[in-house]
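As structure tokens, here come the structures.
You will see two complexes here that share subunit A, one where it goes with subunit B and one where it goes with subunit C.
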Partner chain A sequence: MTDYLIDSPITLAKHIGQSRDLWQLKENDSGERGWQLSAPEIFSALRSPDAMESAKQFFFAPRENIFQFDGNQFRESLPAPEPFALVGVSSCDLTAIAYQDHFFRDDPHYQARRQQALLVGYECLSPCAKGFCPSVDAGPGAREGSADLVLHQLQEDQWLLRVLTDTGARALEGLVLEKAGDAAQTQRHNQIEACIEAFPDDSHIHAGIEAINSNSVAQETWDAAGIQCLSCSGCTTLCPTCSCYGTSDHTTGDTMIRERFWDSCLYDGFQREASQNNPAGAAGDRVRRFWYHKFSREFFQASDNPGPADRYGCVGCGRCEVTCPGVIGVHSMMKKITE
Partner chain B sequence: MQSLVPEPIEILSGVEDGEAARHFRFRFCGQSDSNLKKWQSTRPGQFFMLSVPGAGEAPFTFTTLPNAQGEFSALVRRMGQVTGALFERKPGYTLGARGPFGHGWPVTDGDTEKVLTEKALIVGGGCGLAPLVSLVEHLINSGTPPVALVYGARTAAAQVLNPERKRWQSQLPLFDIVQQGNGCQYRGTPLDLLPEVLNQVGEPERVFLCGPEIMMHTVAEFFVQRGLPASAIWMSIERRMHCATGTCGHCYLEHQYVCKDGPTYRWDKLAPLLARSSGAGALADFHC
Partner chain C sequence: MQALHDMDVSTSQAITTICPFCGVGCGMTLQVQQSGAGTRLSGIAPQLNHPISRGQLCAKGWSTPFAIDAADRIKTPLRRTPGGFQPISWAEALKSIGESIRTILEEDGPQALGVISSARATNEDNYAAQKFARAVLRTNNVDHCARICHSPTVAGLKQTLGSGAMTNSASDIEQTDLIVVFGADPTENHSILGGHILRAREQGTRLIVVDPRKTRLARIADLHLQLRPGSNIALVNALLAEIFANNWQADQFLDARCEGLDALRKSVARTDADAGAEVTGVAPELVRSAAREYSQAKKAMILYGMGVTQYVSGTNNVIALSNLALACGQIGRPGTGVNPLRGQNNVQGACDMGCLPNVYPGYQAVAEEEIRNKFARAWQVSVAEHAGLTSLGMTLATLEDKFRGLILFGEDPVVTDPDQTRERRALDKLDLLVVAELTMTETAKQADFVLPAASFAEKDGTFTNCERRVQRVRKALPPPGEARADWQWLGDIARELGSDALDWESAEEIFDELAALTPIYSGMTYAGLDREHGLQWPCNKEAPQGTAILHSDRFPIGRARLIPVHHVEIDEPADDEFPLVLTTNRLHFHYGCGSMSRKSPLLERETPDGILFINSFDAHNLSLSQHSPVKVSSRRGFIETRAIISDEVPAGLVTMPYHFREAPSNRLTNNAMDPVTKMPELKACAVRVEPLPADAQPRTMDEILADEAREVAGD
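Let's turn to the complex of A and B:
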């Protein structure tokens, strides 16, 4: 596919915004960065996508209706969003979306939202605060097929616009752009290499992954972390690959709805059964399983044809460390289990 | 796509059968032929998600598999929200069902569909007899009834599936045992009774288990000690479930999801998975 040069992401946004709702990461009134609807007229300059909020809520909704029941029939409540574009998604988050696309491949609610989305990636030029995307093959360069379009800044007023999918190519129809030459590709390559070089030492991550895969972490280490974990669900909420949910029924008048909502495997009651039997009743076991889900190669599909599931469940965004420093965050935990 | 939306079923009847347990008969309402075909492909040991609108959804095993009229049965023990609400519903009431889900018992050779004729011994505990009913019936109907069925319960009053066990009396050796009280020939747990059972019927070639997990583990280990390969021992395990499509996460067992990879497991595959967690999470004793 052809790649192009573009003067500014705003030019791209103005074009895409003619046919889709535009979302970008912006500060809200209290200074927190998150995804905001941003019409073409108010679309602002893109900066590093470093934000606590990932893109997962666009596809796997924090709370949504599954069906309605009127006493006789069950009617599916499928979401029907207008076409939309997420502009400026980090490579780690793009990798997480690809991972969830596979996990929820048969989920009609996830797919109904996902099919309406155009993903425009943003490649980081320097490491974010706690990120380690290169260690888990998730960034800082966008992975093949993980976005429709990818923006990479070359100069103040020049960006490389990479086209990764047919959907991306179609989104550019009608926009006259200069084709990118080898020089732009080389510059991108060098900038990504420089960004990778700038990441701090990640030996504890690799050692932690090996310790988890060889099952050599002492139970006491998990138990100690379990005691410290408050089961607040901060990490599971922020983690772009966490996917657990619960369900509950609500009745108003003659109509009943079933909702599903984000749940957390770190909650004490996550596996508790009606008999009070609780296979995951020990906090240390829950913490172990959480990290096992992120780093065990047993989750890989091990097929001849590696797909998006043949990777670690962690994309190295570092959000869990930012929200839970010293306890269950990835750097703290990987250091503890390899000490 | 795997829908989380149930298909309507109605309650045909509910018969008391053991302490706080009721044997329900259900029927699909207005199902298309192709949909009924899907349900008729159900294998012994598979399960469905039962929706009681307003109360929620929970997994139950089929005691009789869906027939040509779309009728099927399940034995339900009253435990909490969903089962509590189910017990309040009268025949004729509309509920929902999704399924069939999971891997059932290995009753046929996967390659040839030939019925396996090994000498099968079955051990059930409490309501854990429910997933074994369709297996027992299948083996009887195929002309290779189990060499014995050992059924343990807390008390005689807690024994379930009484009509079925009565019927089986003339078809296979039955051994009932209760932990407390009278009204039964044997007192203790199935494990206590097994040496005597084996004296009478000989060593089995295949063992099927369902009941409290701790009971299944100890019985499996008992047979392994006697030289039966762990690969000849099968059990159906319980985990909390909210989707049965492998996405909600609740039923995890290491890297597996019991709703998809189970609920029946071969002991040589299951034991290593269970060994990884600390075991500090309690494994219930007979809850019924």
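Let's turn to the complex of A and C:
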């Protein structure tokens, strides 16, 4: 596909804003960053891992009604959003969306939203505070197919606009742009290499991943982490690849509504059975399970199901490190494993 | 709640506000979207730049959208009728409530009426509540749940230091060399602060835990002093005895800033670690180590909770801790202090606002004529001369036919107060009970009128956290149905009674009024609070940026007072008939009466199958296995639940969380009170545990009451 040069993300936003709602990261009056409906005339230039929330909520809703039953008939409640665009999703979060796309490939609620979305990536030129995307193959360059369009800044007033999908190409129809030459591609390549070089030492992440895969982490390490896990659900809530949900039924009058909501595998009740038996009743076992799901190569699905899930379940955004009150987020935990 | 863009969204907004759960006061951002269908909450996120929580929330905080979900909410005023509650209009409700209040005022005067305000409501709501009591009803009968959490702190520290609040700040946890967690379970109840302790511990800060239970922090502590319930003073006096015997006290500090040293020395000279052990059960060498570590640390801070205050000796327990800190000079500097962990999001503020029967806002005493005149002038009314009734005082006065009308909001005393049977009887007896709530509670079920209240997300205002930080709460959503902020409906009732004392246009207007009358808040405005992420009181001309550490140079009373205190036995020790001691605790996943946390299906799923935690030794003696159905009885009643065998509790002690209406621990708890503050002894009473048949399903409290009613009817 052809890549282009563009003077500003705003030029792009104004064009796609004609047919879609635009969402960008914004700072509110208190300085907090999050996704907001946005006018096309602004480009926030915020990087998505600097916001607490990833983009997963756009597709996998924190809470949503699945169906209702009025005593005679079941009625599904599929969402039907208007077309929209997320402008400025960093590579780590794009990789996570691709991972979720695979997990929720047959989920009509997820897909109803996902089909309406245009993803515009924004490649980071310097490392974020807690990130380690290069070590888990998730950035800083956007992975093939993970976005429709990707913005990469070359100069103050010159950006490389990469087109990764047909949807992306269609979104540019009617916009007259100069094709990008080799010089732009080389500059992008060099800038990404420089960004990778600038990441701080994360050998503890590599060593932790190897320890998990060789099954050489002492049970005492997990048990000690279990004491510090408060089961707050912060890690799983903010993790852009976590996809577990629970359901509950509410009845008012003759109508029953089933709601689903984000669940957390760190809760004791997550796997507790009706008999009260719990295969993961010890907090340390739940912490171990969480990290195995993020880092064990046993969860790669390459052999029978090649696709975006053929990778670690962690995209290196570092949000869990920030939000964990128990000091067992990714950096802390991998250091404990390898100490 | 749906995904961000599910409806035809016209605008979206992120409103940063304060978590409605515990007293840590974490920051959270509510994501709301406006569409043709109205304004809706679509998500929450932790506030990354909050000075304490820095991007973190606990399980309760994360569950906030469930807690305030419109689907469960009371949306119109309700009137009790023989056929159940009937929706009525605000106009009807106000007219009937007004008539009832006027009748009581005419027949029995203001002393027969009172207000119980809410530590969950804003400062503005609480200021309005006490002003309603004092300027509209003309009584000091105003109280709130601090009575059963930190009233001994307010009374004790006021005497010894001159100010009854946390002396230092949350951030001091990162600066100290030694943390003493005394009768508190912060990882469960103040989880984000608990997390700060976990982090400090990892970075080498020493940790001493004093608790009868093996709490999460006790498991990782350097020293765990597992004392018998109710032996706090004996333990602290033994620590002091060892400190003085070894000359470890801070002589310079004692000389320069304290009084009463000789009497204290003399008083504790009668004991030592060995003598203390007979009362506390703590090994003498542990006490000596703790005495040395605490007194010799450059910076040591005490954090304490309900395990100190909820005893008949509550006020003296607090004084004992104050003695310890003063004797070692561990106060008035970064990383030190005597630091009560306040339970509810705004219990500090409800106290600051004077929702207490003996003080006006800012702890200005009702007993002082000058203060009474100040408020009478400001409010342009005459005010009552005598202190009012506490919440338990109102209960007792009701049973004696001296108290007839109560307005209560955001509290559920039927579940949270001791001796539930008596509490229910008193509420039944009232001629007028008005309860404003988000959702139906056990207390609201007994009301004559239930009013729909706005939640924290539906109003502007401020909360004051446990480190005295006054923080902005911002309206993100419209209240559901006809719900109104507490200050608004209180104003409506005032107007019904012909008073314009509560005629405010906005929460900010209330804040400006209260700041002008409350010296410790006098330097605060909404603009200042917005700018600084909250300000810590005292904030005034001398300290325009607020005060992170109290008592740096001087105590408000000049010299701090060392006051000898002596061990007092718990009111109801175990005996042959009731051979186990019951204490109460809280679970990370639940909060207070459960009216908010139990709305989350995830947190509700975390509720254990049974809630009597019992040691394996006692369980074995009673032939109980895990989840066995049991009956737990005390002199005041019984409940049924299942046993959870846990070595968190030592033999001889059982524990129950108090969040659960099905098996309310307060059916069992003792109402014996601290003589100073009327704090009931919620932390210890004698119980008997009996196994039910192995296949029995424990009955809920409602089922037990229904069965009892049937039996009475059958007679």
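Basically, the second predicted complex is superposed on the first by the 324 of 339 C-alpha atoms of A that agree within 3 Å, B and C clash if a C-alpha of one lies under 4 Å from a C-alpha of the other, contacts with A are read in each partner's own complex, and residues count from 1 in each chain.
Methods note: a residue touches a chain if its C-beta (ideal position, glycine included) is under 8 Å from a C-beta of that chain, and two chains touch if they have at least 3 such contacts.
None of the values given here were measured: they were computed from a predicted structure.
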item: Simultaneous placement of subunit C and subunit B on subunit A, clash or fit; value: fit
item: Which superposed partner A:N28 touches (first subunit B, second subunit C, both, neither); value: second
item: Partner chain in contact with A:D263 - subunit B first, subunit C second, else both or neither; value: both
item: First, second, both or neither for A:P79, with subunit B first and subunit C second; value: second
item: Which superposed partner A:Q276 touches (first subunit B, second subunit C, both, neither); value: both
item: First, second, both or neither for A:F299, with subunit B first and subunit C second; value: first
item: Computed vertex angle (subunit A) for partners subunit B and subunit C, CA, steps of 10°; value: 80
item: Partner chain(s) touched by A:C232 [first = subunit B, second = subunit C, both, neither]; value: second
item: Subunit B versus subunit C as contact partner of A:P40, first or second or both or neither; value: neither
item: A:S248 touches, of subunit B and subunit C: first, second, both or neither?; value: both
item: Superposed arrangement (fit on chain A Cα atoms) - minimum subunit B/subunit C Cα distance in Å; value: 10
item: Footprint overlap on subunit A, where subunit B in one structure and subunit C in the other make contact; value: 246, 248, 263, 272, 276
item: Partner subunit B, residues of subunit A touching it in the complex; value: 66-67, 69, 71-76, 103-104, 106-109, 111, 215, 219, 222-223, 243-249, 251, 256, 258, 260, 263, 265, 270-282, 284-285, 288-289, 292-293, 296, 298-299
item: For the subunit A and subunit C complex, residues of the former touching the latter; value: 21, 23, 26, 28-37, 51-53, 57-65, 79, 81-82, 84, 113, 227-228, 230-234, 237, 246, 248, 250, 252, 261, 263-264, 267-269, 272, 276, 322-327
item: Subunit A-touching residues of subunit C, taken from the complex the two chains share; value: 1-9, 11-16, 27, 29, 31, 33, 42-43, 45-49, 54-59, 61-62, 65, 71, 187-188, 191-192, 194-196, 198-199, 202, 216, 219-220, 530, 533, 588-589, 601-602, 605-606, 609, 626-627
item: Of subunit B, residues touching subunit A in the complex; value: 1-8, 51, 53-58, 79-80, 83, 94, 96, 213, 238-240, 242-243, 245, 247-255, 276-278, 280-284, 287
